[in-house]
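Here come two complexes built around chain A, the first alongside chain B, the second alongside chain C.
Now for the complex of A and B:
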């Protein structure tokens, strides 16, 4: 077990280095960010450029900058954005918004997809299964940002029930979370159905049924408990895709999270912010994947042997 | 895999619906691009924001510049189809070659592929795209390149996994024993056995890439907004959501139907070529 954890941790550390290095290199790839930054500022003297480079620390060797950035990730000091704000302050404001949206979407999706997936599994091949399958396929084919736009059209513009965008009370999170939650549900229903089908074939389910336990107890207590490991793994591995989707959804609903921060940074060529946002999101994904892996290794000894 | 081929290949309703959608949309897009590109881009400010179903010359209405929405939606499909198919073609070529080498020879290539896979898992495509677009700018070509860079490893992993088990089978062992050269084993003996799963993953990835491209273009980091594309039309339509819903509705339906058609075909292919569902893992 120790060896297994050590191996996975080593892998994770490698990935973190690789991802941050790719981002840091990419951002410096096209030459001098100082020139890019000065573009559109009218006449720029060599002194101005030198001052910008000095301020950004761009005049130091790349590796020094890179390790400085890594150190910042650990200590929480992420430098200053081009427009003068501490990056950590911007991230502190945006990250909770993104995580809140992610959590609510995930909970929504789990609550909806577990009963639907179980229904589909128990009715395998019959009409409830077919209907759920068709809806799941349509959900998989939906552009998430368009689903969000259609929600705005229906519930904000036509019915005037909910605010179209922005971030404030509980009513503002409904549409973005439902959008992301429904998109996730399309995938999750299939996963729950698959995991359930496998579990329902086991002998202990037959025993539970033979004992005369009610079907709900068999399904939700005995079968679901046993699928839980598989499902938690699946949901954990979705974290990357979930964050990727939320980044887009934030744009639709003007949700002030990491996605909005990243797109604004792209528009303003605000590289310190962009670098921090990408690095932090990737770091979180690596961490979640690592935890899921280790948890799975604990729960299922067969994985460790692999 | 050979036995799966013969046993369960039947034409189901999902095949027919998927095929009609994909073939129909592709033909409409090609015909429009070849012969009617003019009417998809013609500006007519006298007929701005005409509602749908009111004028037979413009059945789906017109956009803020008086361009016909129906023609424009069909014409814009060009971008989605080009991005979807070109990116997957590129990813398949690179992925299959690396997957074959990595699964058959193991060693340094294998290590490279697997570590790249780890990195790719941790860096979602959208984030990668944002980073690179900030630097090299968004364009049709860059979007395709980014999709290839981020997806070839999926094919490499799929092929690698299949090769790892196939290389222990008798027909490969005996080919090696009688001295068949490695390239011949890879491309003549192993490759034909991988066609099924690779086609399944390709179909599903074309669908997925069409979604990704439209998302990127929608948020302004994909294809240039001056070129008609579904994501671009939806981005333009946002400003007019209050007054002209149709500008935002029809391009979305087009994406949905195209992707749904591909997903239906992909599902059908998986069920008939790869009953174990390995290709989607």
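Now for the complex of A and C:
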């Protein structure tokens, strides 16, 4: 197990290194932050731009800049954003916000999709199955920004129950998390249903039923545990996708997380911020996948033995 | 169950206010105004930025030596008066006495000297503001309340520039004690509102500075919330979470939503931004002035404004709006005349099916539609136009300055000084970054000749001539001067929309 984790950590380091290198190179190809900063500054001369570049440290060779960033990443100093703000402070504010939103969305989705998926599987072909599948299809067809806007229209503007946007008390997380969560649920319900259907045909389920166990015990204790590997793998992978999708949801709900930070950084060519955000997000995705792998061992003793 | 909704609170407040008016307690003013702003400036230091979003907030925190309000007239700010000496190469300012910064530090000639030495020195060199003020050679303290600006050459726009952005007066002691980084996020000025808290990417909050020299503001508190998504900003306006949405957030398409809400008003006024499709005068069919004129005649710009921009813009005849200094009301836009265009094209020997490429900013949805409409009009006179969207930075960095554009390219411009020199010099003078194609000694001479004159009438005449010269040579297809669109809750009173977004809130109240 220790060797396995060590190997995965080495992989994680490589992934973060590769991803940040690609991002650092790519964003530098898209344009000059000095021009961005000087936009509208009347007659900007080449000397003005050169001065701004020098102040931002952009006149140095790319590798120097990149290794300085890597060094900072290791020592925990993420540098200063081009608008003069310490990146670590920006990240310290944004990361918990994003993690909270992602976690609540994922929990929402898991809690809703497991009972619904099981219900659909046990009622295969009958009306509960049909209804759940139709709703899941509708959910899959919604773009998340549209669903978010509709929520705002309904619950904030028309009913005035919830704040339209912003980040504050528990009421502010309801709509963004429900938007993300519902869209995840649409996929997850189908996944749970499929995995469950397969498991329910196993002989041991027939044995369990023959023993006279209650249906709930059969489903939630025996069947669900065997589906868990598939589900955990998928939920883990989803976390990565979730962090991508959150960019749009964060914008719609003015949620000040990593997505907003990355979006603004791209728009302003704010290299230090974007590099830091990408590095941290990729690190987290690698980490979650590592946790998923470790979870396998707990879920299935056979994997642990290997 | 009692739920304190916005309406109930408002009613409660009104009833309390009403009771006060009837009884002995005076009716209370004050209250909190919440504004939606598209962007967080990141740093509130005047020399660090060029963002309109910075100015929208900071015009309440800082003062300049001069002040320009929504009526665009230049009036005394921290300077009570000024005079030109040495043929305009020295400006002497008499300063207002008894003014204090929010931290208690006195405002005087030393503060002015410090402000400009900082702007023109090492600290200013890191930011984009310095280049606007390099005409200032040095600032000399004559006495505590008199300063001289020694200029390299007379600069007719300097007094306007002193009313905003990099020229905002900053507190010397405070910056020396707390350091530059601290000042970025804890700004102190002499303005009508003082800084309270700033949460990056979320909000900046101010409160009234009762000792302001212009009189105490009527509001108690002001909150600016950063909201970049237009639909989110409008939703916040509809729910009453913000009272004013400052441009540029509200797109033309969302005006009906706001107009339909009985609680809200749409206030729109001509802003500083002008749009044109400039011509490549070096290659392609647009090399010929007759072709350029024909292309301008072929496009019905009034209809484009009415349909695509929902009337939220004004046609222009030179590359400036009507609030700009140098605007010529006698210069009229070229009328829509497709037959005339075809005749001119024929005269210039342009065969039907000739090609032009229109380069636009990919992130500008409105211009995307406008360019398509222009292409359709051009095809009606036999010119085949293709629209090529570029990522903003690529267009501004790699396409326009090195002269790699198609026959036509989008230029969006808007200087807060509202002085045509700012636009014209950058667009038309040889060797300027934004002028990759034109090298015209006559134009250069015209542009240079107005730069050192401080006589307003003379300068205005020359700037009008510049506009006319550009129009005669058909250097660009003028499109429009876009409106700045504010969304305002009707509970806001005393709101006077400024064309430059620098919304000073001294006289604003909320019900």
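Note that the second predicted complex is superposed on the first by the 245 of 306 C-alpha atoms of A that agree within 3 Å, B and C clash if a C-alpha of one lies under 4 Å from a C-alpha of the other, contacts with A are read in each partner's own complex, and residues count from 1 in each chain.
FYI, contacts are C-beta pairs under 8 Å (C-beta built on N, C-alpha and C of every residue); 3 or more make two chains touch, one makes a residue touch a chain.
This one's a predicted model, so the numbers in the text were calculated from it and none came from an experiment.
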Which superposed partner A:48 touches (first chain B, second chain C, both, neither): second
Touching partner for A:170 - first (chain B), second (chain C), both, neither: neither
Which of chain B and chain C A:89 touches, first, second, both or neither: second
First (chain B), second (chain C), both or neither touched by A:251: both
Touching partner for A:260 - first (chain B), second (chain C), both, neither: second
Touching partner for A:269 - first (chain B), second (chain C), both, neither: both
Contacts of A:160 with chain B and chain C, given as first, second, both or neither: second
Partner chain in contact with A:278 - chain B first, chain C second, else both or neither: first
Touched partner set for A:149, first chain B, second chain C, both or neither: both
Touching both chain B and chain C, residues of chain A: 30, 149, 152-153, 157, 251, 269
Of chain A, residues touching chain C in the complex: 30-32, 35-46, 48, 51-52, 55-56, 81, 83-85, 89-90, 93-94, 149, 152-153, 156-157, 160, 163-167, 251-254, 256, 260-261, 264, 269
Contacting residues of chain C [partner chain A, same complex]: 5, 41-43, 45, 48-50, 125-132, 181, 184-185, 199-202, 225-229, 231-232, 235-236, 238-239, 241, 391-394, 396-398, 414-417, 422, 425-426, 432-433
In the complex with chain A, residue positions of chain B that touch it: 115, 118-119, 121-127, 130-136, 207, 211, 214-215, 218-221, 234, 237-238, 241-242, 245, 248-249, 252, 255-256, 259-260, 263-264, 267
Sites on chain A touched by chain B in the complex: 11, 14-16, 18-19, 22-23, 26-27, 29-30, 137-138, 140-146, 149-150, 152-153, 157, 240-241, 243-245, 247-248, 251, 262-263, 265-267, 269, 271, 274, 278, 281-282, 285-286, 289
